[in-house]
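All remarks here apply to the structure that follows.
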Amino acid sequence: MSSIGTGYDLAASTFSPDGRIFQVEYAQKAVDNAGTMIAIRGKNGVVVVADKLISSKLYTDNANPRMFNVNDNVGVAVAGNYPDGFALKNYAYGEAMKWLKDYREPMPIQNIANSVAEYIHIHTLGISRPFGAGAFFMSWNKQTGGRLFLVEPSGLNYEYKAWAVGKHRQAAKAEIEKLKIEELDVNQLVKEAARIIMVVRDENKDKNVQIEMGWVGEQTNGKYEEVPSEVVTAAEEWAIAKLDEDDMDD
Amino acid sequence: MNAHDEVQRTLNPTCTGTSVIALQYKTGVVVLTDRVVSYGKMARYKNVSRQYKVNDNVLIAFGGDHADFHWLQNVIERQVLLWKRFDQDIGPKALHGYLTSLLYAKRCKMNPVWNTLVVAGVEEEEKNNKETSTPFIGVITQKGCAYQVKHIATGLGAFLLNQAVEDEWRKKGEDLSREEAEAVLRKSLELTLYHDCVADNEFEIGRVDATEGVVLGKEEKIIGDWSIAETNCQYE
Amino acid sequence: MFRNQYDGDVTVWSPQGRLHQVEYAVEAMKQGSATVGIKSETHAVIVALKRAQNDLSSHQKKVYEIDTHAGVSIAGLLSDGRILARYLQTECSSWRWDYKQAVPIKKLAESMQLKLQANTQYYGRRPFGVGILIAGYDKDGAHIIQTDPSAEVVSMHGTSIGARSQSARTYLERNVDNFEKSTPEQLIVHALLALRDTLPAEENLNAQNTSIGIVGKDSPFSLLEDAQVAVHLNQVSTHPRTTGGAAAAAAPGGAEPMQM
């Protein structure tokens, strides 16, 4: 690839001679270099987990959360540049409010993801810089089951069974593929997700990290919620025991 | 302004509810509304509530136009979501303040919301500390005129009941128990029933209590004593 | 002169996925004289070090009340900071207009974050060259919110921003476990001790160059008068200065481009 120094990579409004938009690719780097985030759809719900760097004990508990409610039923988890992700979450929230005003019912997840994707896409046309953040959207209800979308800095929006973004996404995806996720209950998913986040960590570099989790499913009655801290702790303990066990086997 | 630019607005409410009666007791508020929707003076629909649970701390009851209130309900729902985003449950004081501004602004545009609202609830001074919670009743008229009270009767009830409720209130004041407060409401409804032709004998009593939160009422019915009808000269 | 071709504008990503202009704005914040904020269960305190241009000028104002339940202190370009303080004041008053009560601090943090973020994305603007600390008290208790030009807005037990603030943060990290149960007086002493660590050995805190703001349960935000500041400084002067705190932290060299 020829990008640096050619002058074709200084604005999102410029194509390179081989038809690429480098500014969008660079924005994607902001997501690729950020902490790992995994989302998995299981038998009866969707779980999302993120690895967060907590560089000082001066931060309050769960400072800078990456997961939010868009409305009661839909959760969003943002990866990449934090302020950009926060702005995306805010946009999604605003859209959901407008929908509620116009239709007097909560905005469906597909519409939320589409509308955020459109907003992100406008920022790839060159008027301003692209967003350096991506967003998972997740929901669950009896009729449709679990749903999981990822919107990327390019404006792409796909539905997934499971996906990983961030630093160790490749290793994480390989780990997810080993599981039969369709058969896993949300409580098992939480444990496996914690295990995967921990196993893909780089022991030398990833210090002072903390796990944040969100879920939506049958057990939350279709409401998206932050996973209670005691459940997260239990999942971490289970994961550590499991990892030790695997080490023994090796 | 040309004739075709003139804005046409609803000048009359259509489907309406009548009085709301509310009263504070020791640890909360009780609210009574009947369950009929009037179309003019016809009792058009039965079994319709005029109370809306906002969250665990706030209950709103209304008189006036049902359609306008349905619109307001959506406005309120969005306010609840807005506050949730900041980890807060909107309290009765804040909601009363907000609706006051809203109704006043609308009436200044000559497009009033045709409702009299009673915002009932308990105001939490501190989170997770019920000791500091206080009962709250706030009233807003369709003109945006707003005030806070210990007890209220709106609609035709305002002409008939305020003195009666006040008398009961003065006997015990802040120490009124929930049962006593509800008895006052039931007695008051009976009075409106005799005098207000659009009042109904099927009603509900909702409450907001510091410890229990919002409890929506069940459908109740009274007959009253109609022996006085014999002495009414207007009857044939 | 640019260091590379990706640092001229906030609307350009570098090949590594970084925003150089935003990072430079953070440097502007790091040059301003320091400010410290810490909180207990019931109170939040902000203290700030003021500079004077010369002997004849007054000290720059660094702490602002934004509502009865919140105040801010500033490090970086003070004129940018004043804009943000004014912005927060209008946020507070518009919430009061809507709801007849004080705005939740979390709402202020969110509005702040969105405002700062917009200045890192859209052409024709520059990021704010300033960091602010918000001290506030609401139904959720006391809060210290830290912001910086990159639009990172985060809730802290205690923190410091500005020149040599690493020394102050070192002090805070060592003592953070004591803050929660501290009295307001003790909090102020902790904050002043942390602030003092940002000073070179030959300088000291005095009533003219130090601002103290405090807010808490049943006590509205107040910016202390010089005489009251002096009382708290007396308390601090009995604590010996830690050598090496300020000296160990790398001080940015050279003349300062604007009054900070």
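Think of it as A, B and C in the order they're written, each chain with its own count starting at 1.
FYI, a contact is a pair of C-beta atoms (placed from the backbone, for glycine too) under 8 Å apart; a residue touches a chain by one contact, two chains touch by 3 or more.
This is a predicted model, so every value here is computed, not measured.
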Chain C and chain A - chains in contact with each: B
Centroid-based (C-alpha) most distant chain relative to chain C: B
Chain pair bearing the highest count of C-beta contacts: A-C
Rounded Å distance, chain A centre to chain C centre (Cα mean): 31
Distance between chain centroids, defined by C-alpha means - chain A, chain B (Å): 45
Whole-Å gap between the CA centroids of chain B and chain C: 47
Per-residue multi-chain contacts in chain B, two or more chains: 85
Multi-chain contact residues (two or more partners), chain C: 110
For chain A, residues contacting two or more additional chains: none
Residue ranges of chain B touching chain C (in the complex, touch as defined): 85-88, 93-98, 101, 124-127
Residue ranges of chain C touching chain B (in the complex, touch as defined): 97-101, 104, 106-107, 110, 139-140
Contact set on chain A toward chain C in their complex: 3-5, 9-11, 22-23, 26-33, 56-60, 63-64, 81-84, 86-87, 90, 123, 127-132
Interfacial residue positions of chain A with respect to chain B in the complex: 69, 71, 93, 97, 100-101, 104
Chain C residues within the chain A interface of the complex: 5-6, 10-19, 110, 113-114, 116-118, 120-123, 150-159, 169, 172-173, 176
